[in-house]
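Below: one structure, written as structure tokens.
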Amino acid sequence: MSPRRCWLALLAVLLLAAVGCSNELDTGLTNTGNQQVQLKKKEDLSFAVVSHGAPGDSFWTVVKNGAEQAGKDLGVKVSYQASGGDAAVQSQLIDAAVNQKVDGLVVSMANPDALKASIERAVNAGIPVVTINSGQDKSAEFGALMHIGQDEVVAGKGAGEKLKEAGVTKMLCVIQEAGNVGLEQRCAGAKDGLGGSTENLQVEGSNTAQVESTIQAKLQADKSINGILVLGPIIAGPAIQAVQAAGSQAKIATFDLSGEAIQAIEQGKMLFAVDQQQFLQGYLPIQFLELYATNLNTVGGGQPVLTGPGYVTKDNAAQVASLATGGTR
Amino acid sequence: MTTTVVQPPADERVATTGRLRRLLIRPEIGALFGAIVVLVFFSILSDTFRSADGVANWLDPASTLGIMAVAVGLLMIGGEFDLSAGVQTGTAALTVAILSTKYHVNVWLAILIALGLALAIGYFNGIVVTRTKLPSFIITLGTFLGLQGINLGLTKALTGTVLVSGLANEGGFTSAHFLFASSVKFGSHLFHVSIVWWILLTIAASYLLLRSRFGNWIFASGGDDLAARNVGVPADRTKIQLFMGVSVAAWLVGTIGVLRFNGVQASQGIGQELIYIVAAVIGGCLLTGGYGSVVGASLGALIFGMVSQGIVYVHWDNNWFKLFLGVMLLIAVLANTYLRRYAERSRR
Amino acid sequence: MTKTTAPLLEVRNISKFFGSVISLKDVSTVVRAGQVTCVLGDNGAGKSTFIKALAGVHEPDEGELLMDGAPLKLDSPRDALDRGIATVYQDLAMIPLMAIWRNFFLGSEPTKGWGPLRRFDVEKAKKITRSEMGDMGIDIRDPDQPVGTLSGGERQSVAIARAVHFGARLLILDEPTSALGVKQAGVVLRYIAQARDRGLGVIFITHNPHHAYPIGNRFLVLKRGRSLGDFAKSEISREELTRLMAGGAELEDLAHELHEGGVEEAAAELESEARELGV
């Protein structure tokens, strides 16, 4: 037998052995849409959170902290996986969670269409799904129990209106993550709320030096810009520096919090931050899924549970700051 | 002219040790050991890992990585690198997605146009590398950056977004989806058809490398392309064809992805190019060219798939994955080197 | 083999220039089938340019080549190969990582089947490699051995066996013994004799007259691109050949200068050396 056929045979044998080795899941993943949910005891529960964030990202770490805190408070197992923005990886992680027969799945859908097949498979397997943060429009369509997050268009509009109150007439909206529908929605909402002129600026979120120089260049090229809306706290720092370097009087606001951002608000360098309280986006799904698993409770009445927009301004910045150091804001 | 032929003496001792040595000296042996070790390791720790659904789950990332690793591995054996391989998957996917959703071109036609574009990019890479005689690392780095910009800029300019989706509504989608993105059912378990594409491609590429004239030319072009040219091997043409092969593989992976996920992000594929090279190196391909194995590259991709999903099944922190991959790479390279040296020495 | 048949290869007054550098000027020689013509000269004499002109890499700027009496124009190394001129370069055109049988048939792989099923006939390749090497007197136990694991002399023999197998009529060997020890050099000279005995014409390039003289039928000596003479074996002795190459006349001039400069001992030494060389 030629060497090539040897390898093929070996591969085939390995695959068949693996398939043959297990009979446990043969009856598992069939459509259980109308099946009665088996109630479980709290100690046996395990939940999986699969987000589209990057591992180690400061925003998503707060979400992770929320989920893990809920796990501790309730005595249930929680695992958090970050897919780094790759839809294929995220769908494979969801498939893995379904194979592990978790009692609940929490997913953030930055690219809903790509995750549709995997989420529907989970739903068909009888696993309750809660979507968080992004993908609110498709949540019910895919069969999720509910959506917890911030309506980005609503939040954007609020931010735009607040900037308008502060006297901004032309605004720069800085998008730091390509392919994120939520960010685009924020800018769209802000444009609506501002009523004036808005321009979107694409930057590479992972390269803060480049972010600063790009914003600075923009400010120098267009002196009529008097407001900057950034969509993530990582961008707040470079934006503040860019404004100073360009000698501009533009007012800055951001979405989401970081220690640095809160400090900037306290010091008056930034006007406000739109807070979606992402800690709740980690905590609440676990709490609600636990209640569903033990008591069949549903929350929201078919409506999303909104965790924002909250606003952090100079008035409450100090208090929020002390909470943020604990990783919960 | 003398017609007597010297018959080499039949020596049975030489024959048996020869076969063992010949097995150890194969470039893919290190990857095979690694794959078995990883398989056994995770199977013991997690029954979900070794269940049918688990297998389908870790074969999934292995298959798309494997298609690229095979093509990139062939190119490495031929003595060149292609750093634009990852971003080309995005270019192909975006071409299909934009043509069909924005311009309502039939999905099949869009796929064919994307193939034509891929061949052109591959040809471009090949021609520039062979004409300028500059390192392919640098040339394809340029292609990588250029395509990264085009993918993002052109998509934004044409569609206004960076996430193009909605293919499912276009003509030709269902049949194309069936060929490239459907799932094969074994009982109640679904295996993605990309796995079939991957296996077929591995077989075809291995046959090409080991049993065809072109394969001999690939080894020669990578081993010493000047010597090869001196005996009449078309080294330049071979390399150009290998670059085009990588582009076709990227087109296949891009097409599979865009049909399966009903859309594509403009940033797709960026960062994957080094992973393809890692898989090929684990599989026994030398960075300096002239030696390696297609089956080995596929095994490298298989290891990658098993580890990335295995870590989830044993509830380890996903962050350790990169560390595991780095250690795996070093072990594989050392194993390949020492096994080969041992086998060489026992020959004398 | 009478003198009335045309020689296998005739080189008539070829010259080659690279810009303003004269690499070869008015070089002529003859190679007959079944005979060895040695091309001698120190480094920089123009030997490698000479080979490249015969191997189809460079086209001579002046003069002509004739094969079997007819004018010969070579477009490429492939063209030269097709006409039966096989060149074995110093770096051997062998690829160390590849197996012997792969190297043997590189560029001329045997195939079986047609159309898309056309494939490299591996079994045939291995079989022929073993038998051809056997014909040269080498027992290759394992044709899968990478060429890089062979000794220098063995590698030369593979290269020569390859050229012979593919029907070379003229074999050009570029300094085959230069990097080898005494015993290995002797072995290679034996292979050259075998090739010659099989009816090939051989051009043997070297800078060592002691290797050239035993096996050569004709000797061309190059110095700085020009020919110092093209001799049949009967026309020159080993000592004369060596002297020609070592530049005995120059040694004498140098000795004379040293005499005049008053450095007597050195001058005396040089004189005795020149005498040993047969000046």
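First chain written, first letter: the chains are A, B and C, and each begins at residue 1.
Operating definition for what follows: a residue touches a chain if its C-beta (ideal position, glycine included) is under 8 Å from a C-beta of that chain, and two chains touch if they have at least 3 such contacts.
This structure is a prediction, so every number in the text was calculated from the model and none was measured.
Remark: the per-chain Cα centre closest to the mean position of all protein Cα atoms belongs to B.
A count of C-beta contacts for the chain pairs A-B and B-C puts A-B on top. Centre-to-centre separation between chain A and chain C, using Cα means, comes to 73 Å. Per-chain CA centroids place chain A at a distance of 32 Å from chain B. Mean C-alpha position of chain B lies 44 Å from that of chain C.
Multi-chain contact residues of chain A (touching two or more other chains): none found.
Annotation for chain B: residues 207, 210 touch two or more other chains. Across the interface of their complex, chain B is touched by residues 3-4, 7-8, 10-11, 14-15, 18-19, 21-22, 24-30, 55-56, 79, 81-82, 85-89, 91-93, 95-101, 111, 113-114, 116-117, 178-181, 184, 202 of chain A. Residue ranges on chain B touching chain A, taken from their complex, read 26, 28, 32, 39, 43, 47-48, 50-55, 57, 60-61, 64, 152, 156, 161-163, 165-166, 186-189, 199, 203, 206-207, 210, 257, 260-263, 265-268, 295, 308-309, 312-313, 315, 318-319. Within the complex, the chain C residues that touch chain B are 77-78, 81, 87, 89, 91-98, 102, 105-109, 111, 118-120, 122, 130-131, 134-135, 137, 139-142, 144-146, 149, 198-199.
Note for the complex: chain B touches chain C at residues 1-2, 5-9, 11, 14, 18, 22, 207, 210-213, 215-216, 219-220, 223-224, 227-233, 286, 290-291, 344, 347-348.
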